[in-house]
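Take a look at these structures.
The same chain A turns up in both complexes below, where it pairs with chain B and then with chain C.
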Partner chain A sequence: MNNTDRLRRIFAEALNIKIETVIDSLEYNSIPEWDSVAHMSLVAAIDDGFDIMLETDDVIDMSSFAKAKEILGKYDVEF
Partner chain B sequence: MLNGKYALITGANRGIGKAIVEIFARNKCNIIANSRTGGSLENLGSELKDQYRIKFHPLYFDVSDSDQVKESFKELIKITKDLDIVVNNAGVLVNNLLGMVSKKTINDVFSVNAFAAIYVMQYASRLMIKNQKGSIINISSIVGVAGNAGQVVYSGSKSALLGITRSAAKELAAYNIRVNSIAPGFIDTDMIKSLSPEKYKERFDSIKMKRLGTPEDVANCALFLASDLSSYITGQVIGVDGGMLI
Partner chain C sequence: MTELDQIFNIPPYSLKKDQKQAIIVDHINRLNSHHSENCEAYKRIRKAYDTYGKRQSKIEDFLSIPVGLFKDFELKSIKDNEIIKTLTSSGTTSSKVSRIFLDKTTSRYQTKALSIIVQDFIGSRRLPMLLADTQNVIKDRRLFSARGAGILGMANFGRDHLYLLDSELKLKVNDLLNYIEKYKNEKILIFGFTYIVWLNLYEELKRKNIDINLENAILIHSGGWKKLADRQIDNTAFKNRLHDAFGITKIHNFYGMVEQVGSVFMECEFGYFHSPSFSEVVTRSADNWAPKSFGEEGVVEVLSILPYSYPGHVLLTEDVGIIYGEDDCKCGRSGRYFRIIGRIPKAEIRGCSDTYEE
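What follows is the complex of A and B.
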């Protein structure tokens, strides 16, 4: 599984949404499932899934699936 | 009671923090102990590892420095990702009458006594969210509950910690993470040695049980809050003060 698929799966599981709906344009607060509470579950799942600890500024900036990929690039996760 | 769990305890090299480390270790809890002073936890760690067959990891960082907290959590996840318990114990005591309080004092005291707990909880809660369980214990003070003359800054910072505790408890309850606070009274630690004999007597005389509290009295309460015995308790402040009136 490549890292994009891995991240999509993490999003789908953490937000409890269908994996098909996890696309680059998926944005924070654009669906009921991705609210502030779910955001922290998502962050915890990303930390665990990629064995990193996202910095607080990155947690705040993670406003879309595309942005999440961009941020993970800073942690040497390649897409 | 805490068999195989992992606890991060800040300010662990002396006083209440050290007592919490010892009582948790006695209850078979693995310890990640924090102190600002490099090397100050090595002897304690060796003793506890030998005596109780637990894992003991010192982590030296300044809790009031958010960058150091962040870097330390990167180290912590190499030790374990299953952080079960956090005790935000590190604190500083400063007595200043109004009119003699510098801006630096306010910043320094609030940084250690209140802001640090937020820094630590931000990272710790993410590990706990993943596991859908955890207990966070914030060590406040009786003066955080009741206030005290000459301690506007100290009591303000400890009151802030109570607000932080109650809000974090509400925020994290959905993840089965409990957040509680302990408000110790007059406890026999280095912190009270700076008091004048008159102040000491005044404080002592206000304790209904007519004895000083011990660090172990506070640590026993922390053990209760860390364990499953308190599994339905969150957002609470427990006084450990022998009926002290202030």
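What follows is the complex of A and C.
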């Protein structure tokens, strides 16, 4: 499984949404399932899934699926 | 990104008086226009006080609105379909609560503001985090209480969060002990409301005679002392007692209110609240509202350049405080630093509509 698929699966599971809806333009707070409560679960799932520890600024800046990929690039996760 | 985002690219306590005042005055003037154009009620207030259309040149010269107004009126400068979050105050003194409406932009400002302030105190790494509360306060997702919003805002700075209280507000002692053992060699972040930290954590551990070591912990708490009035505990006693009991040395209170996004005043190592680059504090005489000098007691007014979705940029609080100085605190942070010493006596702040309840 490549990293994009892995990240999509993490998003779908953490936010409890269908994997088809996890696309680049999916934005924080644009659907009820991705609110600030779910964001915490999502961040924890990303930390675990890629064995990294996101910094506070990245947690806050992770405002879309596309942005999440960009941020993970800083942690040497390639897409 | 907006022009205002630039304020988050500079450290929160780096601006000196002249620089900072120029920024605050410029942005508050802009906010005055913005809210007058987008909030009819606010425009009427400014017209009534004859400040409509007028620009000010000093931070002390802006018209403030009393914080209690948000209890009686739904003031907002956005359309209903732009609201993504409604914050409510805890409403401890009366049955009415403030309702504050945030859109995407102002909500983002709020998050960024808290972020650069807290990181100035704890660093950029997320820390193992204990929350002195029950997870239930974040369950109702659409309508966050001040407590829920506070918890969620702070949770960004932590990882492996443990909520210390169960749904009946009982301390989860075993979970706490296991957590401290697990992270005994790491810095732990603890956040909670002041009275909950005191009553449900400190007093509970004392009562159960449980000794824990929190030497590596940093505690951030907020919410005021009102609910601890019968304990006669103040900020100094709070810090001393927690230190004596658990060895914790890093304890930071913060002053802020749900009604003003951006006003997060963290307590420094010397016990003073500090105003960050995007907000300011002024104290006023309760008799004629003239600004007070540093060192004098006054009613606290707070200004923030961040509230765009509702007209909460210049607010008169119900608190009394003393500003001790500007740019010269021993902790090294620039900006004004102050303490809160109490509340305004009720008679002075309550209108006739509220006294009925007393």
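Convention: the second predicted complex is superposed on the first by the 79 of 79 C-alpha atoms of A that agree within 3 Å, B and C clash if a C-alpha of one lies under 4 Å from a C-alpha of the other, contacts with A are read in each partner's own complex, and residues count from 1 in each chain.
The rule is simple: a residue touches a chain if its C-beta (ideal position, glycine included) is under 8 Å from a C-beta of that chain, and two chains touch if they have at least 3 such contacts.
If you're wondering where the values come from, they're calculated on a predicted model, not measured in any experiment.
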- request: Please indicate which partner A:Met40 is in contact with in the superposed arrangement: first for chain B, second for chain C, both, or neither.
  value: both
Query: Looking at the overlay, what does A:Asp5 touch: chain B (first), chain C (second), both, or neither?
result: neither
Message: Quick check on the superposed pair: does A:Asp24 touch chain B, chain C, both, or neither? Answer first, second, both or neither.
response: neither
- line: Counting residues of chain A touched by each of chain B and chain C, the higher count belongs to C
Message: Just to be sure I read the superposition right, which of the two partners does A:Asp48 touch: chain B = first, chain C = second, or both, or neither?
response: first
Query: Now for A:Pro32: first (chain B), second (chain C), both, or neither, which partner does it touch?
result: second
- prompt: Looking at the overlay, does A:Thr56 come into contact with chain B only (first), chain C only (second), both, or neither?
  reply: both
Field: Residues on chain A lying within both footprints (that of chain B and that of chain C)
entry: 37, 40, 43-44, 47, 53, 55-56
- prompt: What does chain A use to touch chain C in their complex?
  reply: 29, 32, 35-37, 40, 43-44, 47, 53-57, 59-60
- line: chain A partner, complex, touching residues on chain C are 84, 104, 107, 111-112, 115, 118-119, 124-126, 138, 141, 152, 155-157, 159-161
Statement: In the complex, the residues of chain B that touch chain A are 70, 73-74, 77, 81, 122-123, 125-127, 129-130, 174-175
Field: Residues of chain A defined as touching chain B within the complex
entry: 37, 40-41, 43-45, 47-48, 51, 53, 55-56
